[in-house]
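Consider the two complexes below, in which subunit A is the common component and subunit B and subunit C are the respective partners.
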Partner chain A sequence: MTVNWAQVLFNSTITGSLYLIGAVGLTLTYGLSRFPNFAHAEFITLGAYIGYSVAEQAGLGFPLALVVSFLVTGIVGILCYRGIFQPLAKRGATIIHLMVASIALGFILRYSIGATWTWKPLYFTTTWSAFNIGPLRITGLWVWLILTAIALAILMHFILVKTKIGKAIRATSSNPELALASGINVDRVILITWFIGAGLAAFAGIFRGADTQIWPLTGWDIILPIFAVTILGGIGNFYGAIVAAFIIGLAENVGVVGLIALGLSTSYRIGIAFLILIITLIVRPEGLAMLFRRA
Partner chain B sequence: MIKKLLLVVAALSLIIPAAACTPKEAETIKIGCLLDTSGDLAAMGVRILDAARLAVEDINAAGGVLGKQVELVEEDGATDPAIGFNGVKKMIEIDGVQVIAGPMITGASLLSIPYANGHKVPLITPSATGIPLSEEEGTEWFFRTCLRDDAQGLMLADIVMDKGYTKLATIVLDNSYGKGLETYILEGLEAAGWQGENVVSIHYSEAAKDYRTELQQIADSDADVVLAVTYCDDGIMIFKQALEMGLDEIAWLGCDGNYGSGLFEEAKSAEFMEKAIVAGTRTVGTGAICDHFNTAYEDKYGETPEVYCDTVYDAVWAAAKAIEAAGVYDGEAIRVALTELEFDGATGPIAFNDIGDRNAGSFEIWQVVKDATTTTGYKNAPIEIVAWSM
Partner chain C sequence: MPSILSVENIEAGYSDVIIVHNVSITVGEGEIVAIVGPNGSGKSTLLKSLLGFAKLFQGQVFYQGRDVTGMAADKLVSQGIGYVPQINNAFPNLTIAENLDMGAYHSKGKASIKSAMGEIYNMFPELKVRKNFLAGNLSGGERQMLAIARAMMAQPKVLLLDEPLASLSPKPTSVIISKLENIEKAGTAIVIVEQNIKKALSISKRGYVLIDGACAMEGDADSLFTEESSRLRYLGLEAKGN
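And now, the complex of A and B:
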């Protein structure tokens, strides 16, 4: 059997784009607030459901679903930070406390979502055109997903490098005390980051939902590879995340081809991301961050 | 004095809960029912549960069992072997049931059999089709009203032979059900002298949700037929993505796991099944009781019964008839009665052989057709009914 490697590469790009969109928010909030927010999975899920409500239940279409979902989930992100994580941090909570609080928050959000929309899987009915280009099979959704990831990369680069808020985010991330001393409104920077981070998680949720299904574990299904991307890319490092997302996407998809060739179950696919995560933590805990010193 | 009083109080506190636990004469006869009404088989499970409830109604309308009304003790197995096993334990330990209709899936049955053995409670599954369930040691407490995977595998092999396919791709659930059916279709093909080849074999996890690269391997394999052994929710994802990848140009085979209207709830999955699935298999009933069941189910629930609704109806009836024949509500006596039981059920004449399986039954070869009268616009339709016997 000859493997269509062009398609495998393309599929890896789809997977990587999704993980990148999901990971940007996680890596930025992780870098700034200094704890891994496990409820990020539920931001993804919530985004998917809000997108579904706008696009399907209200019938307002896919593009508007992205916008509304970004805003609503972004605000939920701010509320979670202001209502839970910031007060805890002010009372001297350590990374462990904050992490456990985020896991708890995730459970609350997940089951609230389940109670609101039921646990029955939902599906977007938007039809995407499918076409062949050479050896590649492509659908409109995948093009949108990849373009969104590219646009996101360019936009984030521009924001981080050229704008005041971007510089403030980077400054706060690398040294909060110094940033504060230099007159940066650290509190505002963190809030904006949580807003953008949760909003982007909503994007990931909608794309994952449109590609597969929406259910209360939509975010949880992909949170492990997203964490792997965050850690491989170097916590808080946006450029590292871009490279890491595509490495993990490629590893998973090539892994599936390999597993099938070896006669093994493709259930191990998720294990591939996990394996990369463990190896990174052992061999190179700082991830790919060293490659992007300037960032 | 105070010491004595304290002693009395302490003694009382020990006695009172003990007294509360003394079994009082039960007012109903309990039949346990472990079905998967959530998880990947939820769409199928809720319909099967409806059919089990219908059986209890019919049994009670006919006078109940041992002069008492029958009560269905329901637990949800969540399409998860461990949760299903916990349900079985709970029903046996807490509710004290002496016979259970279920579990629904092979994985939960494998876990539950040793436990049911130890507690002497027979299990009657409507839908767990894995072979080891009746062929391994200690499975004499396990009965089934459905037909086994090897029978269904042979049926699928016949279809491949009839249609002359030579390049078979398989995409099956990575569990005993999926891998079992794959093994038996290949064994059936080998026995029939098939000249073809299993060009690609994919074992997938129902948790993955995204099967693009798996499906790409099928496209690359140049297969002329694909066997899909799926449950409902994962089946939807596979068929939806297969449509996006243009795999509807190949012929696909379905099975009992992806029979049912649950798969039509996603429009692309329904469209794909209508276009691509040339044949699927499932156990089906014939005869007077079957007609009664179909009518009663449709009257009560407003839709036609789907896969394994009839077998659960028979499983609950088998439990009731065995309790009546045993004359006592006791697992050991019920098991003996089950081995001697013979009756006409919704799936035809029912009798269990010495390993608790049926010797005969019938399969339906089905396809998916458009039907504007249904809510999804699609329905399963029979191509033919094939009698099967050992």
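And now, the complex of A and C:
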């Protein structure tokens, strides 16, 4: 079997970019709200459907689909936090209560999406140019995806380090009580983070949907590796998430080569992220956080 | 002296357990008031209850004559009440400069924040030279200094300090005390909760002694410190060899 390693590395970058876009929101809301929001999967799905509606049904194009999808899903994120998780947290709900509530919310959103758009898979009809560079096969969508991930990493770094709200997000994630005692409106910081987090999940949904298909389990299909990125990167740690996304992207794509060499189905690739997640939790539960203490 | 902060008949604690019983305290403008007492006497709980970090079962809190009972901590800070917790009092993942930035979170305008930071660096030159260091890398004394400086960024009229001298060796203790005296001279009232009774009363004008969550004694710091009965019965200075 001849392996095109350049293509494997490029595919790893594509996978890592998708996981990064999906994981940034999850890790930030996890760090601030102190629970894993499983409904993040449905934010991804909802974003994909809204993007599809804007780009395909309204015919307004892919860039506008990204913007509208970010805004609408971001607002849904705010409503979910204000309507469900914040009241629960203020009444003393534990991480288990909040996690179960997020799973329940995920089911409700998933079946509501199915009822609205049906369970039949949908496909973006936008045709992306494809070209070769040396041994690499590249499509315009993948270039968009990688550039979006790079832009996101730069923008988020700027926000977290240079802006008042970004520093407040890092401060609140580190010590919410001290943040309050510093005069930070913690509720507002968390709301803004949920807006950004859900909005970015929508980006991930659109790219995933444009690359494969859209159906009510679009987000669920990739939530496990996204959680693996969050755990490996260190909960709430944006910089750790960047590295973790590309580690898991690489592991998955190299793993696929291994699965093929062993004559196994490539659908086991999802198990690679699960394996990394389990190993991280056993060996280094804090993930890569210690490498990026400024997050 | 007009009162800037007064708490009346406070009962506070955690969950359903009342730790502080019917305590009333008054702080005048620009004065240092010590709240002392043995470990577990409810000093820190009293302070935390004022900001909502412990449960306030009963009582009222007045700031500049206005009832601020139950007001959220971030609002109290913006009104002029600063608070420095005993532990976890700096953001370890933020630099010194970023920690100070967070102290001025509610301030409007870059110019006023820059001016406040300039004043803080004049008061704490030790922090200026290390402003780009992560707070997590600071020593205990430096971190305590940063915590006080962060609270001062909001230009509070009254500063609540929860055991600022705890676990500090003599040199940083003296440095912190000298900083507190400077803050008082600048006109900020200070409420200092301390187990280091001698040090706390030495810089305070008045003091309160809490025993088992209740106020056992109050008065001028000098009289509290010199009164033989308090020394023996409440402060335990002889037992500690102070």
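Here are a few things to note about the model shown:
Criterion: the second predicted complex is superposed on the first by the 295 of 295 C-alpha atoms of A that agree within 3 Å, B and C clash if a C-alpha of one lies under 4 Å from a C-alpha of the other, contacts with A are read in each partner's own complex, and residues count from 1 in each chain.
Definition applied: a contact is a pair of C-beta atoms (placed from the backbone, for glycine too) under 8 Å apart; a residue touches a chain by one contact, two chains touch by 3 or more.
Here the structure is a predicted model, which is why all the values come from computation and not from measurement.
When the two structures are aligned on the shared chain, A:Pro121 is found in touch with subunit B, with no touch to subunit C.
Touching more residues of subunit A than its counterpart among subunit B and subunit C is B. In the superposed model, A:Thr266 lies in contact with subunit B only, and not with subunit C.
Legend: residue contacts after superposition of the two complexes on their common chain; A:Leu147 is shown touching neither subunit B nor subunit C. Looking at the shared chain after the overlay, A:Ala58 reaches neither subunit B nor subunit C. By the touch criterion defined above, A:Thr2 lies against subunit B but remains apart from subunit C after alignment on the C-alpha atoms of chain A.
Looking at the shared chain after the overlay, A:Ser182 reaches subunit C, while subunit B stays out of its contact range. In the superposition on chain A, contact of A:Ile279 is made with neither subunit B nor subunit C. Contacts of A:Lys167 after superposition on the shared chain: subunit C is touched, whereas subunit B is not. Remark: subunit A residues 1-4, 7-8, 11, 14-15, 119-121, 123, 125, 127-128, 130, 132, 137, 139, 211-213, 221, 252-253, 256-257, 260, 263-267, 269-270 touch subunit B in the complex. Residues of subunit A that touch subunit C in their complex: 164, 167-168, 170-171, 174-175, 177-186, 293-295. The part of subunit C that touches subunit A in the complex is made up of residues 51-53, 72-74, 77-78, 83-85, 88-95, 98, 101-106, 134, 136, 150-151, 154.
Subunit B contributes residues 38, 42, 174, 199-205, 207-210, 212-214, 216-217, 219-222, 233, 236-237, 240, 244-246, 265-268 to its touches with subunit A in the complex.
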